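So that you can tell them apart, the chains are marked A, B, C and D in the order they are listed, and the count of residues begins at 1 in each.
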Amino acid sequence: MEQGGGGRPLVEVRNLSVGFSASMGFFKKRTVSAIDDLSLAAWEGESLGVVGESGSGKTTLARVLVKLLRPHSGEVLFKGEDVLTQTRKEERVYRRKVQMVFQDPYESLNPRSTVWDAVEEPLLIHHVAGDRHSRGEMVERLVAMVGLDPGAVKHKYPHQLSGGERQRVSIARALAVSPDLLIADEPVSMLDVSMRIGILDLMLELKRKLGLTLIFITHDLGVARYFCDRIAVMYQGKLMEVARTEELLERPLHPYTKLLLDSVPVPGGAGPAPPEAVDADPRPAPAGCKFSPRCPYARDRCRGSAPDLTEVSRSRYAACYYPLTS
Amino acid sequence: MNRGYVLRRGFYAFITFLIVLVLNFAIPRVMPGSPVQYFANPRILPSLEAKLLTERFGLDKPIWTQFLLYLVGVFHWPPDLGVSYTFYPAPVWTVIMTYLPWTLLLVGTATVATAVIGIVIGILIGSKQGSKTDTVVTSASLFLWTMPFFWLGTILLWLFSIYFHVFPAGGAASPFLSKMPLLDQIGNIAEHAFLPGLTLTLAAFAGYSLMMRNTLVEELTQDYVTVAVAKGLSHRAVLFKHAARNAMLPMITLIGLNLGYVVSGALLVEVVFSYPGVGYLTYQAVLAHDYPLLQGLFFVLSMAVIIANFFADIIYSLVDPRVK
Amino acid sequence: MTENKRVTSGVLIIGIFVFMAVFAPWLTPYKPQVVSGSPYSPPSFQHWMGTDDLGYDVMSQVIYGARISLTVGFTVALAATSIGSLIGLLSGFYRGVVDEALMRFTDVILVLPSLPLAIILAAYLGPSVITIIEVLTLTSWPLVARVIRSQTLSLRERPFVDAARVAGASDARIMFKVIIPNLLSLIAANAVLAITGAVVGEAGLDFIGMGNPSVVSWGTMLYWSQNLGAVLRGAWWWILAPGLCIAFVGLGAVLISIGVENIFNPRLRGR
Amino acid sequence: MPLLELKNLSVAYRLQKGYLMAVDQVSMEVNEGEVLGIAGESGCGKSTVALSVLRILPKSARVTGAVAFGGEDVLTMGDERVRAYRWKHVALVPQGSMNAFDPVISVGAQIVEAIRLHESAGKEEAWRRARELFGLVGIPKERVTNYPHELSGGMKQRAAIAMALSLSPKLVILDEPTTALDVVVQKQILSLLARLQRELGVSFMFITHDLSVLAEVATRVAVMYAGKLVEVGPADVMFRSPSHPYTQALMRAIPNVHGDISQVKSILGTPPDLTSLPKGCRFSPRCPHSFGRCTVEEPRLLPSTTGSMAACHLVGG
């Protein structure tokens, strides 16, 4: 699908659906859909932001892309080739090409592995830099590349490092096997404010240097703005809007994007608060737009059927019958 | 109470029951030697009884037929678990049932006493974590916990019955029990059960108190405890109304799971005190190589534990609103 | 007590008993099963721990008895921990049907009263040390399996396991290079704790006559003292010595395992 | 007279060897009807300040200085008095209010518990008030009998606020009340707090690591760094023209959705280890303006030219 990118799509999902089965008492199971018929592409060399609240399915999407989770239906294409029907051998290659940085730096490094072990592990698994000596050099180079002093940290364990340092180690580890695609799942949300921009800057710099494509999962529109060329907004497993970052932030088309933007605290006091005291009802009308129960502009049509993602104006996509055009 | 949860637990209990059923059937048949050899009473005419047994259990028939006959026997009322040779010709079931009440009395009181004492001591040391009391009581509990309980029983027996003559040295009641007034009857039974019960309690309370202590220490760091203190509740109220109440929940499951151990402990303690429960019976069965009786004992005791565990699960679902 | 002090005192206690078992012939004043005094003599200079009904020296029996008790204790602990850890690891890692099947089975053995089960098995297999080892192993691995499974379940949900998977690690690598290193202290703690259970269990089986009564062990000493009415004759020394040894070995093991990992940690006992 | 006044408050935690100064000589006040925001990174001592106001610090803490509420010294109150003071005068919405409620008791019963502990209200009266409080914070009244796990994250947060308001206290301490929430729910909670403050005249002490949240609700803002108060002043001053280099750096470290982001810059280095603090100004190793005096002498809190108080050698001479 086009969705306003440029060049070739590096990775693409088509009609992706993912469900989890939730136990509903004895023997009864119910499928809760986490991603519902989603199509999205990341273009080579871009950084694509996926923004949404908890429960929007953004992390599920990331987990499908790194094959931690199998979708129920749909396709995942990497450089035009199907990812879901890979042989073991193809999967090994894929695992080199697609890497991920996780949200919680305190949990995503094995507490029993030193920095050295952590960075070396992917090299060992993928038989990169065969002999010990060249592997050692490579580990040192990677650790230095993410702004850490190899001599000082390589024999340290994660608990001896700060959150920011750990996240740098995770990045070094992800980049060890020179991937094409790096997926970052809220990489700075657990860090102190003063550390965040440092990590984002590092990732942007590495992206430029190494020609990476980035998919950046976040709930923070400000961070997405700082980091992303394009933003896809998700709500309850559906894409609501996809557009270039500045366009999306300046002139949101989808009421949900607008709600997100209005919710960002601004100095000097509150703009009109979003409808108070309505915690989102997790179960909207089964057929209608998922956002309709909370949407101030919803009409009967919205509750009756769900709109598809369509091109509203040039390279701007929204899934809404009544986009905010004016 | 959550119906789904109870049903699921009931289902698990049923599966456990089935496995016990199969185990009980399989053990004599997979062991070296023929089952007839085990089940026939060597004191009775072996050839005659062997013939009867072979007929009753179909021991010369295919394994499935044997299993079917076995099931028919078990689901019969009273269950047909074979004939004991120690008490020939009494059926195993009848023999066990005359001894079982004493064990239930012992295990029941010991379980309640262990839980109560364990939880109280757990709260005492858990709320004073790191203090001298904590260190001393914890160490003492650990030492009691690692003692062989039957040995502890022997020591208590020697001390209180032989040396000081405070308690009777054996049995479950005086021979003249039926001639006593009711109150004296109860007193007499309690007097006989006291030392074995004390032994079981001393040997087992530490498991609970140490678990309770650590659960409580963890609960005391939770946010809701901070809020309870901030609300102005006294130390006691915070401890008993909130922290201890939460810490007690895992105890229920633990008490259920531990029943198997308590029953095992009771068996040996009964031997020490010549207490006429199933433990004493087991001991006699072992000495006499009474295999049918041993099988029956294993079966009945397993059933009792499975049922008790199921009740522990139900109680848990009643007291914890979060049970799914 | 701090963790280190606990481990040190535990190791010291166990060490003394191991020393006793290994050097028994040099440490004992008499042969354990040779008449060396008059029957039922109380502790004296000749017999520090008195003599039994036949006039055998109790202290010599206690020292020799350590051999059987510790052999059974260590063997059972090793076997039960290995089986339990492996089953717990597989069950927790693969979840689903594998887990359900393994755990149902584990729960059955866990819930069943272990002694009656051990007794019927031992009754069929005949009294011997090997039987006791087999029977105790069979009844003690499930507890280890539960604890290890519960910890594996929570470990495999931790992001670093996902991170290893994304890095391309295979199931085997994740289990043995990522998860096991994080379980080592727990496995060690359980192995040591299993010694306590096994030593007490061995004594219990001996006591009820499931062992070989002609072999000298702490359990058979208690068996004979019970059967020959040591209590009624006031021969407290004959009863006291073997029991205290069992209790101290158990205490030593518990101290080590608490020091290594908090085995009373409520989080490990969840269902 | 300010409602709450902290004077040279210091809190030290006993460690295996020596002490850790979590809060070091902090003085600040909360006036009636205002929202004081306290911002800082993890480990800066902001939560410790909150706990010491209610005197619910762990036993290993050693407190010096003074905490005065309505002129009365909180630190020297007797046991009875301090229990009566808690919640009646100062209530708390704890960090991670997801766990603020006892999981096995219904939310309403926990509110009733607070009411009946301090006031001679009957059972029915207390329940009626609990339902009213639910209405006040925007939760359907019938959910008062729910257990905590039956409420969503946003609802639990509202219920925690309802419980804090149950005795109409003068001051409510909010410790990271929106951190675990999604932006939309966060916004709802923030506007709820603004409304409550307006309608009830209650004062808030709002503790957060996210300065941008304070922009919306705080009337005054205090910034802490490594146990020290580095700057405090009216919110508009703090957000428009912060004086302390740390406050400035914090402001620049947050990318916003509108306006200029070319100024967004990271702060170098990491906060110091409280057991081995740098000499002089604690921020000096990370400060772009640091000069000789900064590494020798600890700056005092002095009035700045913009109208705040700042602890920096570049401010106020």
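Everything that follows uses one rule, which is that a contact is a pair of C-beta atoms (placed from the backbone, for glycine too) under 8 Å apart; a residue touches a chain by one contact, two chains touch by 3 or more.
Keep in mind it's a predicted model, so treat the numbers as computed, not measured.
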| item | value |
| --- | --- |
| Leading chain pair when contacts are tallied as C-beta pairs | B-C |
| Reference chain A; chain at largest CA-centroid distance | B |
| Centroid distance [mean C-alpha coordinates] between chain D and chain A, Å | 32 |
| Intercentroid distance (Cα basis), chain B paired with chain A, Å | 54 |
| Where chain C and chain D are represented by their mean Cα positions, the distance between them in whole Å | 53 |
| Shared interface positions of chain D, touching two or more other chains | none |
| Chain D residues within the chain B interface of the complex | 51, 54, 56, 83-88, 91-92, 94-97, 99-105, 113-114, 117-118, 147, 149, 163 |
| Contact footprint of chain D on chain B as seen in their complex | 222-224, 226-234, 241-242, 245-246, 249, 319-322 |
| Contact footprint of chain A on chain C as seen in their complex | 158-160, 162-169, 173, 178, 181-182 |
| Interfacial residue positions of chain A with respect to chain C in the complex | 63, 66, 68, 92, 95-96, 98-100, 102-104, 107-113, 121-122, 125-126, 170, 173, 177 |
| In the complex with chain B, residue positions of chain C that touch it | 1, 104-105, 107-108, 110-117, 119-121, 123-125, 196, 200, 203-204, 207-210, 222, 225-226, 231-232, 234, 236, 239-240, 242-243, 246-247, 249-251, 253-255, 258, 262, 264-267, 269-271 |
